[in-house]
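Look for subunit A in each of the two complexes below; its partner is subunit B in the first and subunit C in the second.
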Partner chain A sequence: MTSQTSSQGIRITDSVAENITRVEELAYELKVEEVMTAQLKIFSPDDQMNDVYETFRDARISGAPVVENNIVIGVISMEDLMKCLKSVDLEAPVSKYMSRLPVTVRGSEPVVEALKLFVTTKHGRLPVVNDQGELIGIITKGDVTSGLLRALQRSYQEEELRRYRASHLFEDINSDRTSLILRYHIKPRDFTHGGTASSNIKRALLRLGANQIIARRCGIAAYEAEMNLIIHSNHGGVIRVEIEPHQITMRATDDGPGIKDIKLAMKPGYSTASEEIRELGFGAGMGLVNISRCVDSMKLDSTWGKGTVLEMRINLPASQSGSDSP
Partner chain B sequence: MNISDIIVLIDGTLISTSTNLKREVKGGFGADLMSDVLATIQPEALLITGLCNPQVVRTAQMADVAAIILVRGKIPPKETITLANQENIPFISTNHGMYEVCGRLFKAGLPSLEQQILDGSCGCEG
Partner chain C sequence: MNLNFIIQSLDLKVLTEMKNFDLIVPSGGYTSDLLSCVMANAPRQGIWVTLQAHMNIVAVAALLELSAVIITEGAMPEEATIAKANHEGITLLSTPLPSFYIVGKLWEMGIRNQ
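Here is the complex of A and B:
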């Protein structure tokens, strides 16, 4: 007979939680007051249990806070009402059947706090109070579920909209030649953040509507170039990405040390990287070779003692840029 | 074969949080050199590696890797896990070695997703 109650709340088990990352994130982002029910039925301790019976039936609710002088002193639930009905005691005051010293949650706390309390206290509903301890609403597992679903839908729509806006960027702007330039500063020997710039480049391209294959090729080439700057440059460097409707040009520039023998540097397997860098999985002497395989054209200029400029170009299929054709 | 099936096959443990375990994996690829991965892995592959720094996750992200398996029971640094969670790439650890893991998965029908490079002299012959 408890099956009815257990099917009401959605139980969030560990395995379910693993599958729904965004929901987890939202449980931390959303505040209790954003998902709670604010317009609620309340009782005073002196109300009759008969009032509870009628309110529960008419409003189709299964619990409500009991308030005295603006302070929550208890909660009356369907379970309490059933005990009362069994004793045929509907004339009794609410204070006789309510559970006292209710667990409350603050409206300013994240939803995850309410979820924790549902689990630890086994209560199905929690009165929500403000920082002064005054009642401002009630939260049930159902409120959490529908609040999370609403927020999930909202965040999904935002990403869609962002992608849509970005992918129409070139159509919306009229000029003889439109381009978007992204610049990233790369610090030398910063292995922990190595790849962050390339990761951002790849994401930007996907948002701008590039297909998965183009984004992957650019991402890999940019990543190799970024790691080269981190591993070899004296003072780091800059990756500049110019996106045009017909092509993507990525340029990695540094001010030294420069490459002594470009022909040798381009040879697969040739590397000047230290043992430490090899232990990180890099310095296999395949970087420049990889880049040249990913891009449509590549130009490497370097002067020993001065610096290096690596320019990589990827052509975009005509269908992707179709916007500016008459 | 999906990621849950793979975890069972290799006695693995999922060490990242954010994961769709029902995601289908098309094939596997094993390497410790990230440049080799970037050069020859095809999209949607499982990356089996002994390397556990954050660059593994970056490499995986660039190359559209479906999941990462870390062999020989290594425990990756916190930054690696954080990045895997952030990029939503499943990260699995197993006590088995690289050969054992590749063997089990291949035997279970997971094909290789390594693209052969025909012009690939490694430069070693000097």
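Here is the complex of A and C:
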């Protein structure tokens, strides 16, 4: 993993590109010593360039530190070797061709520090030292790339594992009736966060192993209920989602103003939303209609001046709660 | 019909982060400025044409997992809306042309709502 070709061998695919922000995080989390090459070839300043030539060829590396009395005094690279070869000077000492006073990086520093040094110094490799200044390894851009990809792979597997565990939640717990309850507080007229609770509900369901169609139906119903609370309620309200192995029950509750005529409210196209709210694209009078289309049963209880309780239920087929979902 | 071709042909401005639009193939299309209608009828992975540009179009597009939103008649979403779209992975596109024209062109390209 020391050679630069290893970094060129890794193709950045789209899925990797989407993970760039995660990569940035990892560059801060990972330590240089976690991605560096620890078993390395070193040279003394008195070694011949011929040794460098043979080592580079046999070990397939393109650079190595030059060490004297445990201290890194330089770096010898393929570029230096080529200069030497051009002058047909293979018997010269390493000290004649090496770059002196190398920039080093500490093993305990985050990888991002090495990345910064690659950019500012234009060096392709950096010797890694411990806190005492002793050489412990070498790091190349290729090491960073493969180290980050390994870490990304690891965190992806951890996420898969978390997802797997979540989707088996109900199987592992024995009780006469097991359920998971999620609660979301919705503020009135908070259009900026409109849809946040429903997105979170949908995401939670997918995590728990619900299939795409069930999650979409719940997401749409929850969105309409959430927007109703935002648009119409006096003081906001609460969406409570109860997830059980056989069904999902969502209940949106508020303390007013209540619905004057439930039958009319259920009529497609009927809305009491203000002109201002309609201009935002709400108040189509389709919210409750959409909900009834998405859920298996709904119950709307409302008293004018008191408040509204909307209960929505979606049945889960036997395989929905477990591992059989996609 | 991939999104890159649609963006090029209709000269749409990409407001959100660039992606490999060649790989995004909208499953169909839908147009309305009423969010509940969109909720009810826009196909998953579809493309939505609207002149709404406020924050909530992102929530709708994210919930429906739409492949892109084309905002027409030059309506401009706020920075926060674009940021949220990026966060949710939703592509926002802009055009000065009216919805009617854009939908007509998409239909010519073979985009349908089955």
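Rule of thumb we're sticking to: the second predicted complex is superposed on the first by the 195 of 326 C-alpha atoms of A that agree within 3 Å, B and C clash if a C-alpha of one lies under 4 Å from a C-alpha of the other, contacts with A are read in each partner's own complex, and residues count from 1 in each chain.
As a convention for this text, a contact is a pair of C-beta atoms (placed from the backbone, for glycine too) under 8 Å apart; a residue touches a chain by one contact, two chains touch by 3 or more.
All of these numbers come straight from a predicted model, not from anything done at the bench.
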Subunit A as common anchor, with subunit B and subunit C clashing or fitting: clash
Touch test for A:Leu152: subunit B only (first), subunit C only (second), both, or neither? neither
Touching partner for A:Lys267 - first (subunit B), second (subunit C), both, neither: first
Between subunit B and subunit C, whom does A:Tyr223 touch in the aligned arrangement: first, second, both, or neither? both
After lining up the shared chain so the two structures overlap, which partner does A:Met286 touch, if you call subunit B first and subunit C second: first, second, both or neither? both
In the superposed arrangement, which partner chain does A:Phe191 touch: subunit B (first), subunit C (second), both, or neither? both
Subunit B and subunit C footprints on subunit A meet at residues 18, 191-192, 194-196, 198-199, 202, 212, 216, 219-220, 223-224, 227, 280-282, 284-287, 289-290, 293
Please give the residue numbers of subunit C that touch subunit A in the complex, ascending. 19-20, 23, 33-37, 39-40, 44, 50, 52, 54-60, 62-65, 80, 88-89
Parts of subunit B lying in touch with subunit A, wherever the complex brings them together: 14, 17-22, 32-36, 38-39, 43, 49, 51, 53-56, 58-59, 61-64, 79, 85, 87-88, 117, 120-124
Give the list of subunit A residues in touch with subunit C in this complex. 14, 17-18, 191-192, 194-196, 198-199, 202, 212, 216, 219-220, 223-224, 227, 280-282, 284-287, 289-290, 293
Seen from subunit A, its contact residues with subunit B in the complex are 18-19, 21, 24, 191-192, 194-196, 198-199, 202, 212, 216, 219-220, 223-224, 227, 267-270, 280-282, 284-287, 289-290, 293
